[in-house]
Amino acid sequence: MHNARYKRIHKAGLPPGSLIFTGERKLEHPQLTLTIYNAAQYQPITNATLEQCLVQPTETTTTWIHVSGLHNVDLIARLTQHFNIHPLVTEDILNTHQRPKAEEYDNYLFLSLQALGWDTQTKNFNTEQISIIFGKGFLLSFQEQATPLFAKIQEQLARGQTRLRENNSDYLAYTLIDIIVDQYFLILEDLGGTIEVVEDKIIANIDQNAARDLYRIKQQMYQFRKVIWPLREVVNHLLRSDGKLVTHTTGIYLRDVYDHTIQIMDTIELFHDRLDNMLDVHLSSLTNRMNEIMKVLTIIATLFIPLTFISSIYGMNFHYMPELAWHWGYPAVLLVMLIMAIIMLMYFRRKKWL
Amino acid sequence: MHNARYKRIHKAGLPPGSLIFTGERKLEHPQLTLTIYNAAQYQPITNATLEQCLVQPTETTTTWIHVSGLHNVDLIARLTQHFNIHPLVTEDILNTHQRPKAEEYDNYLFLSLQALGWDTQTKNFNTEQISIIFGKGFLLSFQEQATPLFAKIQEQLARGQTRLRENNSDYLAYTLIDIIVDQYFLILEDLGGTIEVVEDKIIANIDQNAARDLYRIKQQMYQFRKVIWPLREVVNHLLRSDGKLVTHTTGIYLRDVYDHTIQIMDTIELFHDRLDNMLDVHLSSLTNRMNEIMKVLTIIATLFIPLTFISSIYGMNFHYMPELAWHWGYPAVLLVMLIMAIIMLMYFRRKKWL
Amino acid sequence: MHNARYKRIHKAGLPPGSLIFTGERKLEHPQLTLTIYNAAQYQPITNATLEQCLVQPTETTTTWIHVSGLHNVDLIARLTQHFNIHPLVTEDILNTHQRPKAEEYDNYLFLSLQALGWDTQTKNFNTEQISIIFGKGFLLSFQEQATPLFAKIQEQLARGQTRLRENNSDYLAYTLIDIIVDQYFLILEDLGGTIEVVEDKIIANIDQNAARDLYRIKQQMYQFRKVIWPLREVVNHLLRSDGKLVTHTTGIYLRDVYDHTIQIMDTIELFHDRLDNMLDVHLSSLTNRMNEIMKVLTIIATLFIPLTFISSIYGMNFHYMPELAWHWGYPAVLLVMLIMAIIMLMYFRRKKWL
Amino acid sequence: MHNARYKRIHKAGLPPGSLIFTGERKLEHPQLTLTIYNAAQYQPITNATLEQCLVQPTETTTTWIHVSGLHNVDLIARLTQHFNIHPLVTEDILNTHQRPKAEEYDNYLFLSLQALGWDTQTKNFNTEQISIIFGKGFLLSFQEQATPLFAKIQEQLARGQTRLRENNSDYLAYTLIDIIVDQYFLILEDLGGTIEVVEDKIIANIDQNAARDLYRIKQQMYQFRKVIWPLREVVNHLLRSDGKLVTHTTGIYLRDVYDHTIQIMDTIELFHDRLDNMLDVHLSSLTNRMNEIMKVLTIIATLFIPLTFISSIYGMNFHYMPELAWHWGYPAVLLVMLIMAIIMLMYFRRKKWL
Amino acid sequence: MHNARYKRIHKAGLPPGSLIFTGERKLEHPQLTLTIYNAAQYQPITNATLEQCLVQPTETTTTWIHVSGLHNVDLIARLTQHFNIHPLVTEDILNTHQRPKAEEYDNYLFLSLQALGWDTQTKNFNTEQISIIFGKGFLLSFQEQATPLFAKIQEQLARGQTRLRENNSDYLAYTLIDIIVDQYFLILEDLGGTIEVVEDKIIANIDQNAARDLYRIKQQMYQFRKVIWPLREVVNHLLRSDGKLVTHTTGIYLRDVYDHTIQIMDTIELFHDRLDNMLDVHLSSLTNRMNEIMKVLTIIATLFIPLTFISSIYGMNFHYMPELAWHWGYPAVLLVMLIMAIIMLMYFRRKKWL
């Protein structure tokens, strides 16, 4: 995952606008879905051919062409040329490691987004680039895999007289963004759950490798942040371009998405601070633990080393050691040792070590 | 509490504007209170029916409808439709995990606030979402529980010719916000008290788990901050929309609330820095404590280990050890040991360990 | 001191504009001083009655009413009503835990400031709220105690044709602010001195509780900062309201005060970073100290434990231990021990432990 | 490398505009390459003489003069004078330790950039200053060495009807910048690889000097950041100067470069946070390791020191020690010791030390 | 040095505009240098009298009066009065602990700068306040000592038709600033050198007091920063006041100085981060060192304490210890000890402690 960020290098040196697909081929064949709809009609063609898709958008309907699978560079180039899309945009669609962004062109808006999924195998995020181009009467969307992310929209369209059918391509674009952002909340909940598990372990002081766990979670949060921060700018860009391509009605809904991105960012920042503070708790309990260990050692050593010294004195073999011959010498020494031990224990108790 | 933040997910996938109540049902039946007042008249109807509330606001009076309990989605939908409120606003009222925000619509302003209480059982904050919609001559307010937060306003209204009765719905909105913010000061005092207790323990160095306590308080402060930061923007938004829905007179009072939010934020930041610094004190005393423990161990070991070695030498059983037969051998060895001990002690004293 | 910040709560629930004095009663009776002056005349009346003070300001003179002691709420209410001051301003004068602020009203400017003193008993700051209201031809000032802070101004006025006499109430306001800010420099010098004492102790490594000392100083600095940061905004506010109530001449002098607040803030930030860095030095010397202690223990233990083991071998009572009967056995063992000790010492020297 | 940053001092004291080359002479002779091209024609003259280069730019062609090697101050001075370049610009070209910057003059734009390479010997970056001056119909570029950085452009030009040939000098400038930025991605990948190697070692806890490695990488990242941050401003400057020297067409491409610099900055920030977090993991495992070591010591010492004390008691030589004569004394003592050891081990197990 | 920052207090309580010199008297007599020049003429009068200096600036020449030594308050007051300088400016010239600043007055600009030198005795910076006042046709400059900082300008003037002679007082002001900033680069190089020395010691792990050294350098950098940050604003202020007192020509040169201050600030920030990271390396090697020490202690103790216990068993004097009478008892015990030691060593090796 981590080296996905700086993959652009494979085309370093080529002139700008060179069309090269930089992701992994995740689908055998690209799938095109052509949907032409308005409040009255709805004609979805799944597995459409390229030729079917090269339609002219009309004033009264919305033409939505969705492409799953990006490795057929030629197909995508012909499709975008048909809609007069700038070569740099086509390049950005194919280069799947984009930072989320919105770019305004004369007749259309280009959005590059990152959908997030959770890969249960690598225990990490799974990003998929979603590119959206929309203008008056048409919307092109591109994704790497055939994930069922957008199937819900087809359902909504099919169901009939919803707000979606009545509005234009800008509302469709909003709906796509809304679905992607909704997905983020699910990831956020997962992350929150993971954090609580680690938190419980740290509070109970049973996780020796807490620092490593916290590190892993933080790295995931950085990846999340990398996606969500620019997204806010994207939505803000759309909000500000109010009037031309984005209608006032859609603008109100976009404001809602904007609030959601802010809410996600707030939560991520909160998680981040929380992880930092958890690390402090962990480090402090490591030191506490060492204090505990050292205290045991010190008590034992301080108690027995002087006593052993005394008994070693009377273990010496000097010929003239008068105490050795005393009748009460042995019990006297034992008594002395006992008194010393008691004094030591009282000292420890006063120091609050016992 | 903590997963309240990312609860929106339960409706992920539904079309926007779908009305679903995402909180817990905290009241058996929703209670409606209809109050129509101006400087001259005041007619409160507690436990009003929905039909009673579907009145048309007049120019000369202020109509205040207060709803406690949000789980009757249908009731709230009908009420808001009557006042021509946008579906997204109704959705936000029902979704009780909103970030505080202010949204301007053509004929009304929508405020989403979070009232804070202290839950003595979970030892944590207790947030309750308060939604306020106000326009010319009317104000709708919604809260989850039937807490007596707004009973004070009824009292003020009942008491007669106060500023509240003479002004319009914008002043009523201000009064509601002011009551919520006043509540924050109480929480702040509680937090301040808790911090001082922990501080005293840390300064006296008797709290082994100080890091954990500090962590807990910090988490609470983050929750507080999450509520207060956006509130500042909300009040600022109201201040800037001066003239249309908010009169100049009310604006001066709102400036006062704004100052209070700044003051709360300042205090929270101060608390935050203070907790960070307290952690430093705690960590430093942990290390100090270990130094103390190690010093005791080192003194004892350094004093007795060499002495024990000497006595162990004269405990050896070699046949030819001339010293053993000396008459003064035993006292001489004792003297040597004494001198060694004294030298050691002087060394420790010079090192400032004693 | 610390809970002074969130004292507003005692009036939580009361309607805004309720006049309640939230400070401590520091004076038996409030003292009013009425001074009417211009370049030609100067009439100070100390211990004026309220009735004397209810004068009408004239175009050609400056009327300065100074009130020491705020607990007579009624007196202050009548005075401010006479000058048509907004009830919220009167509330702010009485509530002595304000954040420094400037508020512009139609005919006057309201400034709330905090004078700092050093309380030698509590070893902490001593804040006193100074409220200033000034308009064309008049200035009202309020302070909690009868500290001689403003006696200097009376002296300057008495002395005759100074700039103070020639200018209007805005210049008088500037002079009051200037005196308060000058006081801050004295506190800053005290703080600087305290920091240097702690610094010397930390550098000399003789302060075991340095972390606690640094904590205490930092807390004081936070209090200072809480006063000085908003003050900068206050002065900036005055500078920007150039023209109407503040003349260009006074503006140039205010710019000077502004520079001083910046200078104080810079110094506080510098102190802050310095304290942080001093903590690092302290923590590092704690660890150094422990290394030192551990080194002594390790050297002694590593030197004598093996030697003691050897002598304990020859202290065993086996009947058949041929070495015991050797004539040179004893000196040979002593020699072996000596060689072992020398090797150990060489090892320590190579490790730079000796 | 590090003192390259503050080398300007060698000319401290000279009047501004004094032309002194402050870098190292990296080439024997400066090489001039003159290229005059438009969509139809392309005339490259490698190893051109200065006289050949002193041409007058025409309206219909783009004149590109590229200089490799900067130590011939006179040559560069004459060249820039011919194109009416301000003396300060010429000074900046020769002073090879500039911060990347863009400066607008009446008829031309001056860009100072830093190309990065990786020096495999010093294990550090290798910066080379690239200066670009472009105006209507001409572009001058200067670099210290004859690195093949710009050879690719010659190839593109030679290849014929590319976008490069059809556009003017602003597009050529863009292409130069794009090549430099592409180079950064390669460095970024190298850095990312190095970080992962250190990360793996830290996670596996086998790198004792991880702190030092992290320090080294961080230093390199600071150098990178020093180049990339001002670059963003440079590109932004170009974008904003849209219309005059930079055409709208080129602006779209520059926006692409701008996105790349943002992406690089994001990645660097991410790396930075990651390194900080890795340090935390490292420090925590150092403490963990010490806990481990101390635990072993404590277990052994706590187990055997008391036992040794008991046996030393019965090693004393008192004449009257009744236990010594008991027949079962020896096995009884061994049994006592065994019981003590078992109790100790159970204690350790309960403490989770075993 | 450190208390220089808050010295203003000595005049606390005096009315603003009171002229008191707050620095140390560093020169016996103030020296005045009067220079009147334009492109054609150049008349320097060193050791001019005050009367000679009270000239009227003309349209065609630039009059430069330079004052070394500030303790003659009266002389400076008369000089500034002659040029109609505001009393606050004169106060700022005499108060030698100003923060660098630029202030615009009707007919002149006032700049207060801090020249830095390195005091080899106190091992610290040596600041000297330089005040510059310039208007149409005249420039007054003031410095505390007679350092040869500005002698270079006299040389440049004497040399004839330079840019300096052809331009007006604003260019002279630029030249003065440029010389001061050039000086900073020298200091920066010194600082850089010091940092590298400490860095090498820390990397080689031979500096026990690295934390203290880093602290000292950081303090110096704070002082540097305190001078350079406001300087940037000063230069920026001059740049923005383009047109009136500062000509466009000089503006281009000032932009160059502005770039230099940015470059210095960048380097300081870089140094700062580097020192922080060096501290991390140092703290981590302290802990590493302790691990090393503890490991030696643990190995020795763990190896010999059990062995000593065994031999102490056979040192007991019980009458019935059958092993003692065995013929192979002694070698058997030695063998057991050897096996135990080997097992221990293998354990340590597996733990990577050896």
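Which chain is which? They are A, B, C, D and E, in the order written, and residues in each are numbered from 1.
Convention: a residue touches a chain if its C-beta (ideal position, glycine included) is under 8 Å from a C-beta of that chain, and two chains touch if they have at least 3 such contacts.
These numbers were taken from a predicted model, which means no experiment stands behind them.
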| query | What is the graph distance from subunit B to subunit C, where chains are linked when they touch? | reply | 1
| request: Quick one: report the Å distance separating subunit C from subunit E, using the average Cα coordinate of each chain. | output: 26
| How far is the middle of subunit A from the middle of subunit C, if each middle is the mean of its Cα atoms, in Å? | 42
| message | Need the CA-centroid distance for the pair subunit B / subunit D, whole Å please. | response | 42
| said: Can you pull out the residues of subunit D that are in contact with at least two other chains? | reply: 283, 287, 290, 294, 297, 301, 305, 308, 312, 315-317, 321
| Draw the chains as dots and join the ones that touch; what shape do you get: line, ring, star, complete or other? | ring
| field | Neighbour-by-neighbour ring order, given that subunit B leads and subunit C comes next | value | B, C, E, D, A
| request: Mind listing the subunit B positions that touch subunit C in their complex? | output: 152, 156, 162-164, 175, 178-179, 182-183, 185-186, 188-189, 192-193, 196, 203, 252-253, 255-256, 259-260, 262-263, 266-267, 270, 273-274, 277-278, 280-281, 283-285, 287-288, 290-291, 294-295, 297-298, 301-302, 305-306, 308-309, 312-313, 315-321, 353
| field | Residue numbers on subunit D that touch subunit E, as the complex places them | value | 2-3, 5-6, 8-9, 12-13, 15-17, 86, 88, 99, 101, 103, 208-212, 214-215, 218-219, 222, 226, 279, 282-283, 286-287, 289-290, 293-294, 296-297, 300-301, 304-305, 307-308, 311-312, 314-317, 321, 323-327, 329-330, 333-334
